[in-house]
Amino acid sequence: MSHNSFGHLFRVTTWGESHGPAIGCVVDGCPPGLPLDESWIQPFLDRRRPGQSRFTTQRREPDQVRILSGTYEGRTTGTPVALQIENTDQRSRDYGAIADRYRPGHADMAYDAKYGLRDPRGGGRSSARETAMRVAAGAIAQRILGDQVRIRGALVRIGQHAIDPARWNWDEVDRNPFFCPDAETVPVWEDYLDSVRKNGSSVGAVIALEATGVPPGWGAPLYGKLDADLASALMGINAVKAVEIGAGFEAALLTGEENADPMRMENGAVAFDGNRAGGILGGISTGQPIIARFAVKPTSSILTPVPSVSSIGETVMVSTKGRHDPCVGIRAVPVGEAMLACTLADHMLRHRGQTGR
Amino acid sequence: MSHNSFGHLFRVTTWGESHGPAIGCVVDGCPPGLPLDESWIQPFLDRRRPGQSRFTTQRREPDQVRILSGTYEGRTTGTPVALQIENTDQRSRDYGAIADRYRPGHADMAYDAKYGLRDPRGGGRSSARETAMRVAAGAIAQRILGDQVRIRGALVRIGQHAIDPARWNWDEVDRNPFFCPDAETVPVWEDYLDSVRKNGSSVGAVIALEATGVPPGWGAPLYGKLDADLASALMGINAVKAVEIGAGFEAALLTGEENADPMRMENGAVAFDGNRAGGILGGISTGQPIIARFAVKPTSSILTPVPSVSSIGETVMVSTKGRHDPCVGIRAVPVGEAMLACTLADHMLRHRGQTGR
Amino acid sequence: MSHNSFGHLFRVTTWGESHGPAIGCVVDGCPPGLPLDESWIQPFLDRRRPGQSRFTTQRREPDQVRILSGTYEGRTTGTPVALQIENTDQRSRDYGAIADRYRPGHADMAYDAKYGLRDPRGGGRSSARETAMRVAAGAIAQRILGDQVRIRGALVRIGQHAIDPARWNWDEVDRNPFFCPDAETVPVWEDYLDSVRKNGSSVGAVIALEATGVPPGWGAPLYGKLDADLASALMGINAVKAVEIGAGFEAALLTGEENADPMRMENGAVAFDGNRAGGILGGISTGQPIIARFAVKPTSSILTPVPSVSSIGETVMVSTKGRHDPCVGIRAVPVGEAMLACTLADHMLRHRGQTGR
Amino acid sequence: MSHNSFGHLFRVTTWGESHGPAIGCVVDGCPPGLPLDESWIQPFLDRRRPGQSRFTTQRREPDQVRILSGTYEGRTTGTPVALQIENTDQRSRDYGAIADRYRPGHADMAYDAKYGLRDPRGGGRSSARETAMRVAAGAIAQRILGDQVRIRGALVRIGQHAIDPARWNWDEVDRNPFFCPDAETVPVWEDYLDSVRKNGSSVGAVIALEATGVPPGWGAPLYGKLDADLASALMGINAVKAVEIGAGFEAALLTGEENADPMRMENGAVAFDGNRAGGILGGISTGQPIIARFAVKPTSSILTPVPSVSSIGETVMVSTKGRHDPCVGIRAVPVGEAMLACTLADHMLRHRGQTGR
C-alpha cells in the first residue's frame, strides 16, 4: 500500500509540491525494449501545459520533462523510469495572504485536519500541478498499449453550455483551446469563459473519454474490475465529483429492453448494436470502445470573497488574488486521457500475467 | 495485488460462485477485542436477502452466516475472520438453456473472452449472490467504526420515478420494501414495479448513501483519496454504471460562487453552509456528512428475446425464463451501505497508522 | 496489504485456528483452464499429515481437503479457489493448563502483547496446523508450474546428526519417515529421536530444497527479488530461524575466485560449473537449480518444566503435557516445498505480466 | 505490487542506475510533523560512502543528498519525501570491456535473460550504488522510530577471520574502517584485506545487527511476520546469501531445553534469560533486542580471469580491471542497519493502524 502510487503491474508513484524545487514520478513495471525518450513524452505534457490561452491559468512553466533512469540508448530496460520536471515559476508571494486561512472548497482545511500542518504555497501537494506527472506517466502507458489502442478525450460541457453530440467531430478537438469536438460550440464557450474570467469567477465542466482497440478480456473481477479501477482513477483527479461509464446515470432511467446492447455475429466476430455498457461488462472489456465521462467542479479560487475560517479558528473572508483558472476542466482533458491510459496499461499487463495472453 | 480483495488495513477477500457449495470471505485486519458473533452480522444480511417481497428475485436462501475463525469467546482476536454461507437453493437447471449463449448485458461473453471458459450456472462468480459477503464484511466494518459513525442508504429513483427530496424521511426507509425515504413515492413504485414484473421486464435505479460522524482527516492523498476509493467500491458493485460525490454531475453546471461551501466557526468548531463537497475535500474527510450516489442499470435478465450470440459463434435469441429481479437496484441499497462502511473502516485504520490519531 | 496473505499474482490468504471449526485458504490468481480437483491436492497434504509415524505429533486429523469454489467440471475458471479442512481432533482440554501461562519459546506472550488477548487453544492461529493450507496452496502452485519445474525437499540434519551429502539419493526421501536422502543416516535418527521422544524433549533440524527446470529470468529486482521473496516465505514458516541460498553462510568464508560459478557455452546454451549462487543472481533465476536451506528450532513444547510467567504477571513453571512433536522439522519438509512452489508460481506469473514471456 | 518498492505503511520506492544522471527514492507514509532536513540524513550516507579507506571501492562520490518534496520549514508534511543524489564519478569507460560479456557471479547474464537487454554501465540497476538510497530511507525510518529504538550493526567475520564475541565492544565499531566491534581483530583484518586487495581478489563477510528498545507487539502474523519481513529486507541486499535471526542455524543443533529462553517477572515486567529467539516469537517482537545476522558473498569483480560467456554465445575469459571492492561486506553494515530501520518503522506504523497502540 502506498498513498501516492496507483496501478499494480504498471505502477506510478508521484511526488512533489506546487512550489517545491521539482515534481516527479517513478514509473515501475514498464516492460523492457520499448522506445522511449523525452521527445515521446513532451508533446503529451505540452497539451496540458498552463498558459497556452487566456482560458487557463497564467502560471507559465515550460514543463520540460527529464528521464533520469530506466532507459538505455533510447529503450526501456525494465527498471523503474524516473521522470522529473523543475518548478520554475513559483511566485509563492501570491499565496502569503491565504497561508493562515482556509480557501472554501479547497483542500486546505482537510490537510490541516489530517496532518496537523501543511505546505501552504500554492496548494502544496493538492495543487493541480501534480497532474503533469500523471500526463507524463500516461505517455509511457500509451507506449505500452501500442498503436492498436487509441485514447481520446473531449470537453463536452462548460457550465450550462453543453455541446451538441450530433455535431461531434474528433478532428475539431485540437483546433480550439477547449478540446471541444463541436465547432459551433467553440465561440459560445469563448464568450462565456471571457465573462467568467473577467468576473474573477469560475465554472465546472464535463469531460468525455474514449478508448478504441481494447481487446476483450481486460479487467479482473471482482475487485480489480476495469470500470471500478477507472472510476477510482478519474475520481482521484483534482476537483472531480462524478464518474460514469457508458450510459451512466441515464441507465437508471431505462428498462432492460432499452438498455440491452444486442449482439450478433459479423465477419466471424461478435458485434454489438449500441454501447450503453461503455465497453465493459462484469468489469471486463468486451472489445467495444471504452466510454467514460467525468465532472469537474468549478475551482474555488475566485475573486468574490467567501466566508471561511482561519487556521487559528477565526471567521474570515477569503478571495483569491493570484493567477487563476476560470475552468480547470479544460486541462482535465489530457489528465483524464492519461489516467485512462495508465489504467488500461496496468490491466493489459495484469491480464497477460494471469492468462498468458 | 489480489483480484478478489479490497481494502488495505481492513482487507476483504471474497470467494464463491452462485451455484457452488458455498460463498465466503476472509476479513483481515479487524482490530482485536471487538465484540463479534453471528448475531451481529445476520441482521445486515437479512436486509439484503432475496425473496422478501415480490419486487426482488424469488431465489430463497436463508443466508445464514457462520464465523469460522478470528473470534474467541465472542471477541475478535486480531486474526482473520472467515465467514461462510451455504448455498441451499441452487436450481441450476434454470440455467441450462443459457449455458452456451451469451445473455446481452451480462458478463457471460466477457468471462469467456477473458478466461476461455466459465461457470455458466447462474452467472457463476459474476452473480449478485456474491454481494452477500460484502454485506457481511460491512457489518464487521460497522463494528470497527463504532456507534459514532452512522451509515444509511436509500433508493431515490426507479426508472423515470424519482422521489421528492423535500419529503425525505429516514424513518420511512425501513417501512417499505424499497428502502424508499419518501412515503408518497412508495405506492407509485409499487404500481410501476408490478407492471415491470408482469411484463418480465426490468428497470434501473439510483441509490443515495450518507455517513455521519466521520471525523475530519480520513483519506490519504493523492492515490488513496477517500472519494476515489469510494468511487471504486461503488462502481465495482454489480450493474453499477455511475457514481457521484456531493453535488456530483451538477457541480459541472455551477460557478465557483454557487459551488462554494462557506465555512464559519460555530461553538469552537468549523461549520459549513452547504455540503456540495459531499464531506470530502482533496480526498480527505472534512467532518461533514459523506454523501454519495450511484446508478444501477436494469438487469439484462428479461423475458423479451434479445438478439445475441452463442459461445460457438451463432446469432441466437436470448430470453431469461428463470426467477428474475425486476429492479436489482433495491438490494443494492444494503450493498452500497456495506461498501461505504468497508471503505471508511479501512481509512480509519490507515489514518491511525499514518498519524497515530 | 494483508497480514494473512502472501504472493502477488498468485496470492494465498489463509485463515483458521488450531481448535476452531475449520482452517482454510483462498488462492487467488490461479490461471484458468488448469485441471484441478481434490485428488490432486490430497497427496500433498498426506505427506505432511501428522500422526504418520511415532516421530511426529500424535494429533490425528484426516486433513481431508475440500474445494469450495473456482473450478467447474474439474478445471480452474480463473476465479478464486477456496479450500477448506475441517478440524476433527481438537481435544482442547489438553491446553487448559497453559491458557494463562506463557510457554517459553512459543508465541503466547507475543500474541498477548500485540492483541491484548488470544485464543489459547492449541496455539490458536500460531499453531503449525495452519501450514496444512500452505501445503494445499503449494499443490495448486505446482499445477501452475507444470511438469517442467520439479520441486523436492529433504531433511539434512536433526540436532547434532547431519547426513553425509556424498550419500545423497533423492529416491530415499520417500522411503523413510524423515524425508532423509541418506539411507545410512535413517537408523541413526530413529535411535536418536526415540530417545528425544522418551525424554519428552525436542530437537531442531535443517531442511534443504531444490527446484529444477526453472527458466532464467524469474524474479524482479530490486524489491521483488526471487531470493528475497523466498527468504521471506521460508522464514515465515513456524519455528524457522535461518535461511540460506546456494552457498549461504559458507560464502562468507570464500574468496571471489572460490565463489565464482564459471560459465561456458554447452550445446548452444549457457552452462555453469558449480552452483554456489543457488540458481539466483541479482535476484533473478539463472536456469540453474534453485537451492535453499532453512533451520527449524526445536519446539518449545517439552516435558521438562521451564521458568515462565503467567498472563497476570506471576513467575511460574511450564511444561507441556499434551501430544507433542519431538522434531517439528520433519513436517517442515513438505511445507518448505510448498512455500517454494508458491513463490515460484507467483514469479512465473509476474514475469509473464511484465515481459510477456 | 511494485518491483522497486518495499514496506507498506512506510513505503520506499527507489530508482536509478549506477551510471545514469542520478539515483533517488520516494519515501511514502512518513508521518507528519517530524523534524527532517538534509543534515539529518547526510551522516548516515557518509558512513556508507565509498572511497573512505583503502578497503572499499575507490569510486569517489560525494553522495550529497537533496530533499525535493515532503517537508515544509524543516518538518515532514505527511506527503511523499523525494530524495536524490547526483552521480558525479561515473567513468563508464571502465566498463566497456565487459559490456558484451557476462561477469560470473554478477547479475549481467540474469538481467539479459529477464529483459532481453540491459544497461551495462557499472552494473546499471544491480550496482551496489543503489544501496545509498536504502541508507537515506533508513535515516528517515530512524526519525520515525525515535530515540527509544536504537539500531546498530557490526562486521563480525571477513573470510576465515571471525571476531571473538567475548571482546565485543560497540564503542569500537566507529573507530576502525571495518565497523569491527573487536579491537584485536582490526589489525588481523587490515593485513588480510591488504593481501586480498593486492591480489585483485575479494572475500566474503558476516554482519550482525541489533535493535534495542523495540516494544513487544510489532509484526503481524502470519504473512507479515517481523522476522519474515526482515529476512526479505536483508536477503534483498546485493550479494547477500544467508540470513538468520537469534540463534539461527545453531538452533538446529539444540534441544528444546537448550533453546528455551526462560521468562520471569522482574520489576513488574517480563524478563528473559537468554535471547536465542532474537527478540521475535511467532513473528512478533517480544521486547527483547532484535538480533539478526547476514552473510555477504565475495564480489565477483576480481582480477583473476574466470571462464564465462558473451552475450552472443561465445566462451570467453572475464576479469575486472576497474576499481573494485575487496570486501563489499564492509559497506553492507550501514545498509543492513538501514533495512532493519525501515522494516521496524513499517511495522511500528502497521501495528498502530491495526491496534491503535
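Read from first to last, the chains carry the letters A, B, C and D; within each, the first residue is number 1.
Everything that follows uses one rule, which is that a residue touches a chain if its C-beta (ideal position, glycine included) is under 8 Å from a C-beta of that chain, and two chains touch if they have at least 3 such contacts.
Since the structure is predicted, the reported quantities are computational estimates derived from the model, not experimental observations.
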Distance-maximising chain from chain A - centres being C-alpha averages: C
Inter-chain centre distance, chain A versus chain B - centres from mean C-alpha coordinates, in Å: 26
Centroid spacing, where centroids are CA-atom means, of chain B and chain D in whole angstrom: 46
Junction residues of chain C, two or more chains touched: 1-5, 8-9, 14, 29, 32, 78-79, 114-116, 125, 221, 350, 354-355
Pairwise touch network: line, ring, star, complete, or other: complete
Complex contact set, residues of chain A against chain C: 1, 8-9, 29, 31-32, 78-79, 221, 349-350, 352-356
Chain D contact footprint on chain A (complex, rising order): 1-5, 8-9, 11, 13-17, 20-24, 26, 28-29, 32-33, 66, 68-70, 72, 75, 77-82, 114-119, 124-125
Chain A partner contacts - residues on chain B that touch it in the complex: 1-6, 8-9, 14, 102, 104-107, 109-111, 113-116, 125-126, 130, 157, 159-160, 196, 201-206, 216-225, 227-236, 241-249, 251-265, 268, 270, 273, 276-278, 280-287, 295-302, 304, 306-309, 313-315, 329, 350-351, 354-355
